[in-house]
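Each structure below appears as structure tokens.
Below are two complexes that have chain A in common, paired first with chain B and then with chain C.
On to the complex of A and B.
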């Protein structure tokens, strides 16, 4: 029992904010991992990062008009991917340019909104909450919205997953099969924008890419099959989130006393640890396989 | 303008079941006339090589047949009907591309995507699907690669898996865009004989583009020779001749046969049509003794 107390600070299992944090964090990770697999394959980590950053605009704007930050993340992210699509994301370079242009203008607005938040409410808490997340202070009304958004993302992914996978394999191969590659890409970006909004709620807007891309990249290192890779990404993300929540709760008992370390720090660090561990695992596994299969074709 | 080479033996050929008919096709790309009045047809089980140097319009022609590039004139019939956007009668392997090593796809997953990868939703694993995939892997000689990540296979192995991916939906026409590019001679030979066998066994009409004619010579039923946006179509021995190719190129060309291989050499003394295209031959894949194509 004393050992458990060293790992889990008293009150962890009985606290309502902890329950909510675990629930919302799990939802976000469950959605981010699978979607992140496609983000990695499409080389769109930058778009994911940009969406996270633009979430800053949405989150700070939401405080300004007095609604929950999730609404701000959602509205601005969906708007951002639509503008990115309109500017032209179908070519890789155009995609980066479109992302950069939208990102720049979005962050300009964020600077204004955060300034207004700080001057109107004379608090710097908003900035920290939006940028780095505040999972323990997620309101009870946000939970059903988060569940609904997550369900929508997973449903979208289930529907377009297969053609999307083929489009990731090779766009020409996909379009020869009659797949509307651009439309599929836009649907994916929409799902991505929703997933990033959920991540922003968990670990903050500027760190949301870590939860999106990290578990997915780790899963791709250890699994060669689409289904298991997607499942592994979800599981690894959930694991990082749970352990992160636990450590963040425990950290209230750490120095400097009574403050609590940022949850996002723990989650992001754990994601990095998982990524490195998966790299080591695949290195060992491949080294073992390489010898018999190394036949030049 | 296309020149159809008639051959006396042609009447002896059994009735042709025409799978692909390209009729008077022209196409422009960026304001440039890439194809002019191309005419040819391919029957079931026939292996046709689409030969031309880089930039001759091979890929454009394949894309026009596929429907992903627009034509400015002419018609394309696949299986006797104008081809639609998604044509299940056509199997296609695009120009050389490397599969991402990060792709979470084993060879058998990619072949399986060939069955219904374009459909929305997902399918549950089934014995019938597993068996179909296994049979196709066997047919393309990729059974031992089945569980390897596609992105980690060699170029020749990837081609075999991609051909399996294209064939598993039982198309009647198989289009392969430069499948031999970047392959060493042995792998190229393996891919060619695989495709030839598949064409014969499954009665698939094959159109395979290449800038090098020699690897295809042993198995090719017919050749579509592209130069300057025009084409000659016929049996290889009727098309790859000095007089025919000279007419196609519009200047004197010599065709030399050395040890069963063909050398196409631009006319002597014509500076404008010198030997620049000799750079098409990758020194790695085509040592000088193997084949040289000097195209004008």
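On to the complex of A and C.
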């Protein structure tokens, strides 16, 4: 029992903020993992990361006009992916550039909104809250909305999943089969914008990117088939979140006293360790598979 | 507008625009927008760490962004480049927020780090900025030929024995130095926007690399100077004007490029290496 107390600080299972953090973190990881597989396959991590920052613009804008931050996140993210799609060249390099241009002007607006927020309402603390998010301060009313957005994202993914996968791996074959490649890509971007809005608002933009890219890239290192990769990404993301929440809760007992270390630090470290471990596993597996052919050749 | 306390802003703005415009040409040519966003953004961890252990912010920024550049180049060697960049970025940001929570830094400091304080630059910051700018430009000059070749015609570069990883590493270090130099004075936002907007606009109008670099520097100068002037007049943040003007330049460049027609597009690749 004493050993258990060292791993799980007392009160972990009884605390309401912890329950909510686990619930919202799980929802975010379950959405980000599967979507992330497509993001990694399409090479659009930058778009995922940029939308997290652009959401900040929306959040600070919403604060300015006095509506809920989620609406700001959603509206700005959907607008951003639409502009990216409109100016984006279909080649990968052009796509990155489109993301960069949209991100640059979005951040410019964020500077303005945060400045106005600070001068009109004298709340400089919002910058940090909006940018870094805190899972432990998620309010109870956010939970049903988060579940709704998560369901919408997974529904979109279910509709376009198959054609999208084909469009990621073989665009020519996809268009030969009559799949509207561009439309499918845009629907994917819409799903991404909703998912990142949800994640960035609830768990912060750092963790949003970490859970979108990390588990999916790890899963794709050990399995190249989409089905298992999607399942593995979801499982790895949830595992990293749970262990991260546990460690962050425990860290309140660590020095400096009574402050706690940020959750993002723990989850990101876990995600990185998982990514490197999956790389090592796939390296060993490939080596074993390659060995007989070397002998035969 | 040109009173004594504004002189430093004009000088630093000019230095930043020249370096960011030149380095940005390669950022856009190589499709490294994500790295150019990640390095300045992530090196915020360096500033937070420097505050924690009590050393100079600029040293923290430089060390952290160069370490970030090396990590991205090494992690990206095997595996996808954008995944490596994203993971290194979130690691740096998470470390930054850890340092910030340990040192209980004050929130406004974060705001000025992200969005810069170009109108409040002291004379003491001029020399380190100029020094780092010179280092970035020198690095770029040394790498110029192989970097250009590997950006425009990667296959040819590989055939001539120019190492992908070595070039990428060198280039990312130049980007990291540029980031470190600009953050304390103009913020992570301004440097990224100038590094993307101006060269993207320039590249859609001219195709010869030397001309495009010159045009990119000119557009960057116009952007930064315009932003400082407007910010001085209206009191709104510089970053807002830089972001808006950059986006406007890119849009104009795209329109001009589209009007010039796609007929000349095949020639662009052929002339790309003549200069």
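Simple rule for what comes next: the second predicted complex is superposed on the first by the 269 of 297 C-alpha atoms of A that agree within 3 Å, B and C clash if a C-alpha of one lies under 4 Å from a C-alpha of the other, contacts with A are read in each partner's own complex, and residues count from 1 in each chain.
Everything below uses one rule, namely that contacts are C-beta pairs under 8 Å (C-beta built on N, C-alpha and C of every residue); 3 or more make two chains touch, one makes a residue touch a chain.
These figures come from a predicted structure and were not determined experimentally.
Once the two complexes are overlaid on the shared chain, A:168 sits against chain B while remaining clear of chain C. For chain A, the partner that touches more of its residues is C, with chain B and chain C as the two candidates. Once the two complexes are overlaid on the shared chain, A:26 sits clear of chain B and of chain C alike. Residue contacts after overlaying the shared chain place A:226 against chain B, while chain C stays out of touching range.
Once the two complexes are laid over each other on the shared chain, residue contacts for A:158 go to chain B alone; chain C is not touched. Of the two partner chains, chain C is the only one that A:261 touches; chain B does not reach it. Residue contacts after overlaying the shared chain place A:77 against neither chain B nor chain C.
Using the contact criterion defined above for the overlaid structures, shared-chain residue A:176 touches chain B, although it does not reach chain C. By the document's definition of touching, neither partner reaches A:60: not chain B, not chain C.
Once chain A of one complex is fitted onto chain A of the other, the partner contacts of A:202 are absent, as it touches neither chain B nor chain C. When the two complexes are superposed on chain A, the residues of chain A that touch both chain B and chain C are 40.
Only residues 66, 68, 85-87, 90, 92-95, 97, 99-100, 102-106, 109-110, 113, 116-123, 147-149, 153-157, 162, 165, 187 of chain B touch chain A when the two sit together in their complex.
Interface residues of chain A, counted against chain B in their complex, comprise 37, 40-41, 158-163, 165-166, 168-170, 172-179, 219-220, 223-226, 228-230, 293, 296-297.
Of all residues in chain A, those touching chain C in their complex are 40, 43-46, 48-50, 87, 92-93, 96-97, 99-101, 103-112, 114-115, 118, 124-125, 127-128, 131-132, 206-207, 209-210, 212-214, 217, 221, 256, 259-262, 264-265, 267-269, 271-272, 275, 279.
Here chain C touches chain A in the complex through residues 28, 31, 33-34, 36-38, 78-80, 82-83, 85-87, 89-91, 93-95, 97-98, 101-102, 104, 107-108, 110-111, 114-115, 189, 192-193, 196-197, 200, 236-244, 246-247, 250, 254, going by the rule given at the top.
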